[in-house]
Amino acid sequence: MPYITLTVTCPDRRGLVAALAQFLSQQGANIIHAEEHRDTTSNLFYQRMQFDAAKVDSTSSLEKGLKKLAARFKMTWRLSYSETLQRVAIFVSKVDHCLYDLILRQRSRELRCEIPLIISNHETLRPVAEQFKIPFHCVPVDKTTREQSERAQMELLKQHRIDLVILARYMQVLSAKFVRAWPSRIINIHHSFLPAFAGGEPYRQALEHGVKLIGATSHYATANLDEGPIIEQEVARVSHRDQLGDLIARGRDLERLVLARAVRAHLEDRVIVCGKKTIVFS
Amino acid sequence: MPYITLTVTCPDRRGLVAALAQFLSQQGANIIHAEEHRDTTSNLFYQRMQFDAAKVDSTSSLEKGLKKLAARFKMTWRLSYSETLQRVAIFVSKVDHCLYDLILRQRSRELRCEIPLIISNHETLRPVAEQFKIPFHCVPVDKTTREQSERAQMELLKQHRIDLVILARYMQVLSAKFVRAWPSRIINIHHSFLPAFAGGEPYRQALEHGVKLIGATSHYATANLDEGPIIEQEVARVSHRDQLGDLIARGRDLERLVLARAVRAHLEDRVIVCGKKTIVFS
Amino acid sequence: MPYITLTVTCPDRRGLVAALAQFLSQQGANIIHAEEHRDTTSNLFYQRMQFDAAKVDSTSSLEKGLKKLAARFKMTWRLSYSETLQRVAIFVSKVDHCLYDLILRQRSRELRCEIPLIISNHETLRPVAEQFKIPFHCVPVDKTTREQSERAQMELLKQHRIDLVILARYMQVLSAKFVRAWPSRIINIHHSFLPAFAGGEPYRQALEHGVKLIGATSHYATANLDEGPIIEQEVARVSHRDQLGDLIARGRDLERLVLARAVRAHLEDRVIVCGKKTIVFS
Amino acid sequence: MPYITLTVTCPDRRGLVAALAQFLSQQGANIIHAEEHRDTTSNLFYQRMQFDAAKVDSTSSLEKGLKKLAARFKMTWRLSYSETLQRVAIFVSKVDHCLYDLILRQRSRELRCEIPLIISNHETLRPVAEQFKIPFHCVPVDKTTREQSERAQMELLKQHRIDLVILARYMQVLSAKFVRAWPSRIINIHHSFLPAFAGGEPYRQALEHGVKLIGATSHYATANLDEGPIIEQEVARVSHRDQLGDLIARGRDLERLVLARAVRAHLEDRVIVCGKKTIVFS
């Protein structure tokens, strides 16, 4: 059963929910699920409404009307159709667990998207891409060529009309310029419970600190590494018996689970960035 | 900051959300948080809306208007004011952990309610009630006098104008008649992960089955014991090292946590019974 | 660093730990990790000892000595060498998530075993086996031919010198005869939190009961379906918003995680069956 | 059934387990549960053995023998008798949830200890102490009098023959001198998932960072605040709907649970400090 999802951010004002609900009702929309939330810090109002696509009279009239309403209420909005799948590019380096996980979830239709592109700075994972018949592009990166590499990557994203970039354990830092070109459209997985153990070797740090839980964090990429708005986190228990290799193995489960949940939430338009944080609707 | 919460259940129909939102807006209500949900099995529509109390022009006009709207849309509704605390009676037998837990959470204002009454079939916990200066009534129960005991209990509930009954490890079965007189207003805690291990000795059963997780379940009481609509569940890990006493101790943490979460959700008007199940808004 | 693991079950008796530890010390064994446990119900004593393989003088003298000691103390024992990988057969039907998961964990050396054989009653997953170059045998099963099919399966297990059988969402019931031929060497994954929702459609049952957590259970297969000794269980939170498809998707994560943990524990000789239950050493 | 627990730390050496097990067997000890672990970083060996007290011939001969063995193997050891309860002092300031929790767990015999002393820098919680008839001493602390206050506190600990100090949300920093006088015998609860959000206002920091999980950490106090060896940690999920007050309420559950688990592990001699980390036997 096809449905349409509308997300809205705007300054809080009385009558907002009523105006939007009435407009949707006039367009024939029948609400399946909705959530509204006022953020008391920013005094912004956030809405997500899901409704039957079949009963909407005309999507062009729907979109036209929304534009008007948006102007009146200073809304930022986004309309998405369950039948129109987002196009996702996955960036990887050498480890394969997140890549396999995302592909298999997409194949089982748990993640409702298309994956027309995999980009890597190594050849290692080409066979995985080939198993699933997904175009694979190797764009080597080193310090001297980063600008040029990023140009090539952005060109690929453009060619393939990509909506969302997933950094699935891609071990390179993207430039501020790249990240700013894709605001709230690049999802990264960090292998620690941020803000603890930011940086390169979180499992080693966790082992040295003797923590009893390790974690993983999925967040939107921003210019400041490991500080983007957090979408999802999860932890797992470890003990004195665990060596570094055990932590890494346990961590793989966290990484793929947390990344998949964050990507799913994004694809279902359940995430809205709110300053340095996220609203994640249920 | 005082607020008002409105919960609504009604047959699904286009324009519902709009009509309600518009009415509220006209009354001066400014929505803080709201959630709407259509249950596809029953085709019923569920709403919960929270708004600033301060800006509402007149609560009598609000209530009058809601009555009209309710008639038009066949709504079941409930309006609650954050300043008007629900009055809660706690039923106990001999174990004290849930009782202490509920009282302490109420004292710390995590549970926004009054506790004017504790009823028990034993004298054991009278000192706890006295510590906190809460009226305690011992109503002994045995097979031959159950009807009479329940009459006494109901009289006490009436006298104290009780809104909600919590069975905090009360080890007696209430009659169908009693339960029906308090629909969706009696919350029980069962010390297992229902439907597994219903009945009297769940920890012993868990031990014998060799399960690796034990649980607790909070649900509304219905005529069929241990089968009321589930509000909340949680589990904890156990191992071959755990004896019956360890399971019981671990279970106490689950019981008080699960019961407190269920009671809190109920007091915040986040729970609506939907057939044999519950909607629990976030 | 290669190591040897010794697991022992025997009637409890004073001096047991000393006798075994002294024998191992005489053989040159240096203990890395050990755990001993007395089960008070059966009065049996369980030990697991892990020691450096490099320092052991002679494995034949080790094994000969153990035989003598075993006779004296009525021990059941098992010695395993980290360098000798167990040979695992995976039984599947049509769903692929557990199969992929087991293969990828084996490829990343998280599961230390060989997978020389996949058996299915359908052709569906042959391409997965081929991707990873694992021999795949389709043995169709129907009611009239079950005996014949099981003979063919057992022949394949024999040919490939299989140590452990994993039922990775294999949707056929194995006969009591088959199961008894592989005591504590067939691991099944059931897609519910057993003993709740045994049988064929656990997610549908979970949805109808309105439980707030769903689970998965990994256990050794026994003649009574869904009642074998439990090795591992895990749960995940669900809500009124989740449809059957959401439960199934959430459940896939549980199934593969729980199955992988159980298989890993088995391969590391951390599981000993103790009546209807298991000891799972840390 | 009374039992004795022996914990041992010593440099690793072949024959260690055998020598100790043989000695215990000669003394009549029958092992109930034991665990041995070699830490590969420090090359130290850790043992915990629990055995029936009833069958031990003579505790004085047991202790004398252990001293000899300890000299030979350079062992640090500790022998504890389940019948001899440790004496615990609880330090508090103004919040009561951890205090109530510890007392109630002690009263239900989940925590096997005596609580003969509560010390606070405020009068606020005196009534709680009085409810349970526990001596309460108010020792005010300010910058100019800290040394004098600590002398008074240490005198009280001495008078009451205290074995373990629990800082149950005690909001004062203890001097390095105090902490060093009680090595691995002061347990603190910090209201964050350390090392994230060390310092004074962790819930506010958590809110500002937009983390999706909050945590609590129990650790031994050391001279460097919030950096002592971690004993136990736990987390709970939060969302954009949660305000500071919700985080604090959720955190209270974590704090009391984590602190209670750490204290229980300590009282059961399951914790051994190993450099900056802890071994916590199961």
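By letter and in written order, the chains are A, B, C and D; residue numbering begins at 1 in each of them.
What we mean here is this: a residue touches a chain if its C-beta (ideal position, glycine included) is under 8 Å from a C-beta of that chain, and two chains touch if they have at least 3 such contacts.
Keep in mind it's a predicted model, so treat the numbers as computed, not measured.
A.B. asks: If I rank B-D and B-C by number of C-beta contact pairs, which comes first?
C.D. replies: Between the chain pairs B-D and B-C, B-C carries more contacts.
A.B. asks: Based on the averaged CA atom positions, which chain is farthest from subunit B?
C.D. replies: C
A.B. asks: How many angstrom lie between the centres of subunit B and subunit C, each centre taken as the mean Cα position?
C.D. replies: 42
A.B. asks: Approximately how many whole Å separate the CA-defined centres of subunit B and subunit D?
C.D. replies: For subunit B versus subunit D, the centre distance works out to 36 Å.
A.B. asks: I need the residues of subunit C touching at least two other chains; which ones are they?
C.D. replies: Touching at least two other chains: 33, 37, 239, 241, 282.
A.B. asks: Which stretch or stretches of subunit B touch subunit C in the complex?
C.D. replies: Per the stated touch rule, the residues are 37, 39-40, 193-197, 208-213, 215, 229-235, 239-241, 243, 274, 276-280.
A.B. asks: Where on subunit C does subunit A make contact in their complex?
C.D. replies: Touching subunit A from subunit C are residues 33, 96-97, 100, 104, 108, 110, 131, 239, 241, 249, 252-253, 257, 282.
A.B. asks: What residues on subunit B touch subunit A, complex-wise?
C.D. replies: For this pair, the touching residues of subunit B are 12, 14-18, 21-22, 24-25, 28-38, 55, 282.
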